[in-house]
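All chains are identified by letter, namely A, B and C, in their written order; residue positions are counted from 1 within each chain.
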Amino acid sequence: MRLRELAHALQCRLEGDAAIEIVRVAGIDQAQHGDITFVDNPRYIPHLASTNASAVILAEDLAIPVGTGFAVLRSTKPYVDFARAVALFLPSSAPAKGIDTLSAIAADARIGAEVSIGPFVTVGAGASIGARTTLYPHVAVGQGASIGDDCVIHSQCSIRERAVVGNRVILHDGVVVGSEGFGFAKQADGTHLKIPQGAAVVIEDDVEIGANSTIDRPAVGETRIQAGTKIDNLVHIAHGVSVGRRVLLAAQVGVSGSAVLEDDVILAGQVGVAGHLRVGKGAMATAQSGIPNSVEPGAYVSGSPAIPHRDWLKSSAAYRQLPALRKRVAELERRLIELEEKLKR
Amino acid sequence: MRLRELAHALQCRLEGDAAIEIVRVAGIDQAQHGDITFVDNPRYIPHLASTNASAVILAEDLAIPVGTGFAVLRSTKPYVDFARAVALFLPSSAPAKGIDTLSAIAADARIGAEVSIGPFVTVGAGASIGARTTLYPHVAVGQGASIGDDCVIHSQCSIRERAVVGNRVILHDGVVVGSEGFGFAKQADGTHLKIPQGAAVVIEDDVEIGANSTIDRPAVGETRIQAGTKIDNLVHIAHGVSVGRRVLLAAQVGVSGSAVLEDDVILAGQVGVAGHLRVGKGAMATAQSGIPNSVEPGAYVSGSPAIPHRDWLKSSAAYRQLPALRKRVAELERRLIELEEKLKR
Amino acid sequence: MRLRELAHALQCRLEGDAAIEIVRVAGIDQAQHGDITFVDNPRYIPHLASTNASAVILAEDLAIPVGTGFAVLRSTKPYVDFARAVALFLPSSAPAKGIDTLSAIAADARIGAEVSIGPFVTVGAGASIGARTTLYPHVAVGQGASIGDDCVIHSQCSIRERAVVGNRVILHDGVVVGSEGFGFAKQADGTHLKIPQGAAVVIEDDVEIGANSTIDRPAVGETRIQAGTKIDNLVHIAHGVSVGRRVLLAAQVGVSGSAVLEDDVILAGQVGVAGHLRVGKGAMATAQSGIPNSVEPGAYVSGSPAIPHRDWLKSSAAYRQLPALRKRVAELERRLIELEEKLKR
C-alpha cells in the first residue's frame, strides 16, 4: 500500500514521500525499510533517531530529530491510528460464510443472516445465533443459549445452556461461558451437597474474553460482564460476580463469588479478589495483589492482602531490609542494657 | 409451583399461605413477589425485615420480625433445603438419550444403558462408558479409558487413554484428565529428556471438577482424586498427587507433584502447594497462600510462605506499619546516641 | 521383559539374576516384586534397604546395603535410564495412521506422510501438517498454520491461523497457540479500541506445552518459544514474549507482554513476570514469585516483588517475627524514656 493511501485511510496528514510502498506495521525497534511504525509513549521518542522505518505515525506537535529519513503521518491519537493501521495490513482469515455441512444445528435453532459456522459446531435446541456471527470449528452452543450479531467465537469455546452473549463479542479459543459455579452445602456426614448452578450468565456487547477463561453461572441471580469489558486469558469469574463496563482484567485473574467490580476497574495479572465485596469505579490493583475487602473508587492497591500502592511500595522496600532492621533492634537492646547498668551503679 | 407442593417436596413444615404460587428461587436481597429465598447465615437475618420474597426457608427456631408478609418453610437445614429447592426449579437441559450419529465410537467400546452421547464425541478403542452417563458434544475419551455410571461430562473435556473416572462424577467444560505430568531428566548437553508420563490417573465417585482444570498423570504410581472431592475452575493437579476425600479446592489452585492432600482439606483460590509434602486432614489455607512444607492436620495457614493464620494476621498488619517501625528504630538510635554521649561526659 | 533384555535395551551393566521377569517401573517406595526402580537423588539411598523392587537402576559407584535381594542395573545416568525404562513399559496408545473420514481437511492443505489425523479434526486452507505427526480428535488447525514433523497434538488444541509449530513438538489437550494478545488503545470516551493481534507466533522444535496453556500472538513482531523449552499446564504466554531455549515453566506461570526469558530460565509454579523486561540466562524463580524488573543471568529470586532468594529467606523468616519485633521496639521506647527521665533529674 502506498503511504498516500494509508494516510487517506487513517485520515492522517502526510509529511514526506507519499509514494513510499508500505508493506508492514512494526514496532519502532524492529521496523525495517517498507515498514510503518508509531510513537505515542514519550519514552520511545529517542528511538526515532535510529529507527529503520520508512514512515512513522506521530503526534501533531512532536518534533522530529534532524537527519532522519522517514516520512510522517501526523495524528491526534497515534496509538489508535497504529491500531487501525495494524488492522489494514492484517491478512484476512475469516472462514467462509455459510453453515458447514459437518455441523450439528438443532432444527429449531434460529440462525441469523450471513453467519459463518464451521465444521463440528453444535448449536442446541432453541438456541439463537445473530447475524454475521462466526462460530469457529468445535464451538458448542447449549440449549436455549443466545449469541448476538457480529460475534466471533473461536474454536473449542463452550457457551452453556441458556447463556446470553451480546453483540460484537469476541471469545478466544477454549472460553467457557456458563459453567456451574462452585457451590455446595455441607451435610451432617461431612459430604458436600451440590447446589445446582443454573441461573443466568450474561456477556454484554463489545466484551472480549481471552483463551481458556471461564465464566461461571450462579444458583440464583446472575453473573454479568457488562459492555466493553476486556478479559485476558485463563481468567476465572465465579458465580454471581458482576463486572462493570470497560473493566480490564489481565491474565490469570480470579474473582470470587458475588464480588462486584464497578466500571473501569483494572486488575493486573494474577490478581485475586475475594467474594462478596465491591471494587469501586476506576480502582486499580497491581499484579498478584490479593483483595480481601472492598476497595474505594479510584483506589490504587498492591500486595496480598492489598494495601494502598504507595504504602506497599514503602513496605515492600522495608521488607527487604527486615533482617537488617532486626539486627538494629538487637543492637539497640544491647546498648540500652549497657546504659541501664551504668545508671544503676 | 404452589408453596404447599414445595413444602411437601422439601419435607418442610409450612407457616402461612399454602396456596402461594412460587415461580423462582432467589437471594434474599434480589427476591421479588413469587420468589422463595432462605436464611442460614445469621448475618442475613436482618434482611428478613425488608425482603420482598413470598416465602423464606428458615431454621425451626428462628423468630420472624414483626410485620413481615412472607410465608415460612421451617427446616432443620435451611441451606441444604435451599439447594434442593434450586434443583426443583432448574429447567432441564439434559440432552436426548442415545448416541448421536455424528459421534465416533470405537467398535469395541462398552457403552452402558441409557447413555446420552452428543455429536462429535469420540470414544476410543477399549473404552467404557457407564449407564446413564452423559457425554456432551466434543468430549474425547481416549483408548481404554473408563467412565462410570451417572456421570456428566461437559463439552470439550478430554479423558485421556486409560484414565479411570468413577460414578456420579461431573466434569465441567474443558477439563483434562490424564494429561502427561511435567517430568524431565536433564541431560549432559542441557536439554531435557521427557520421562513418559503414562501411569494411572483415577477420579473416584462423586467428584466434581470445574471448567478447564487439568489433572496430570505420573510416570510411575498414580494420581488420585478421592471420593466426594470438589475442584473449582482452572485448577492444576500435578502428576502423582493424592487428593483425599471431601477436599475442596477453589479456583486456580495449583498442587505440585506427589503432594498429598488428606481428607477434608480446604484450599482457597490461587493457593499453591509445593511437591512431595503432606497437607494434613482438615487443614485450611486462605487465598493465595503458598505452602512450601507439610501442614499439620487441622492447621489453618495463610501467606506465602504459609504460616499459622493467626500469626499471619498479625504479621500482615505489622507489614503495613513497617516503614513507620523503621522510623521508630531510627529515632531510637538517635536518642540512644544522645544518651550515650551524655553519659560519656 | 527379562532383566537381561532390559539391561541390553538400556545398555546398562547387570549385577544379579538376569532371568528375573520385570513387569513394571515403579517408585522405590511403591515398588513390588517384579518391579524395577531407580535411585539418583542421594536422599533416596536409605530406601534401598527396604524396597521390594526386584531390580534397581543405580550409579556405577553406589554401594549396596548388605542383605538386599534386588538385582542392579549399573548406569552412568540413573534418572535418564529410568526415563528410558518407563518408555519401554508404556502401553502404546498411538491412534491409527491415516486420516479419519470424519475430519475436515481443506483441499489445499499439505499433509505429510504417515500422519495420524483423528475424527473431528479440522485443518484450514493452506495449512500444512508434517510427516508422522499425530492430531488427536477435535484439534483445530487454522488457515495457513504450519505444524512440523513428528509432532503430537492432543485433543481440543487450537493452532490458530498462520501459527508456526516446529518438529517433535508435543501439545497437551486444550493448548491454544496464537490466540490474540490483550492489546487495546484507550479512546477519548473511555472505551478500548482493539489493536488487532495477528502477527507471528512460533513454537520451535522439541517444545512441549502442558494442558490448557495459552500462547498469544502480538500485533506486530512475534511471540516465540525457542527449541527445547518445556511448559507445564495452564501457563499464559502473552503477546510478543520471547522464551529462550531449554526454559522450564511450571504450572500456572504467567508471562506478560514483550518480556524476554533467556535460555535455561526456570520459573516455578504460579510465578508472574511483568512485561517489557528480561530474565537473564539461567535465572531461577521460586513458586509464586512476582518479577517486576529485569533479572540478571544466573540470579535466583523469590518473593513478590522478587528479591534475591537468600535475602528473601531471611526476610520471610523475619516477617513471621514482625509482631514480636514491634513489641521489642515499643519496649525499647518505654525503657529509653525512663532513662531520659532519669538523666533529666
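Assume a residue touches a chain if its C-beta (ideal position, glycine included) is under 8 Å from a C-beta of that chain, and two chains touch if they have at least 3 such contacts.
Quick caveat, the model's predicted, so the values are computed rather than measured.
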Would you kindly state whether over half or under half of the residue numbers at the subunit B/subunit C interface are used by both copies, giving same or different? different
What rotation angle takes the CA atoms of subunit A onto those of subunit C? Round to the nearest 5 degrees. 120
Cα centroid separation between subunit B and subunit C, in whole Å? 25
Find every residue in subunit C that makes contact with two or more other chains and list them. 102, 120, 138, 156, 174, 212, 234, 252, 270, 288, 304, 319, 322, 325, 329, 332, 336, 339, 343
Flag every residue of subunit C that touches subunit B in the complex, lowest number first. 24-27, 30, 77, 79-80, 82-83, 86-87, 90-91, 93, 95, 100, 102, 118-120, 136-138, 154-156, 170, 172-174, 206, 208, 210-212, 228, 230, 232-234, 246, 248, 250-252, 264, 269-270, 287-288, 304, 316, 319-320, 322-323, 325-326, 329, 332-333, 336, 339-340, 343
Listed in rising order, subunit B residues that touch subunit C in their complex are 102, 104, 120, 122, 124, 138, 140, 142-144, 156, 158, 160-162, 174, 176, 179-180, 182-185, 187-188, 190-196, 198, 212, 214, 216, 219-221, 234, 236, 238, 252, 254, 256, 270, 272, 274, 288, 290, 292, 303-305, 307, 311, 314-315, 317-319, 321-322, 325, 328-329, 332, 335-336, 339, 342-343
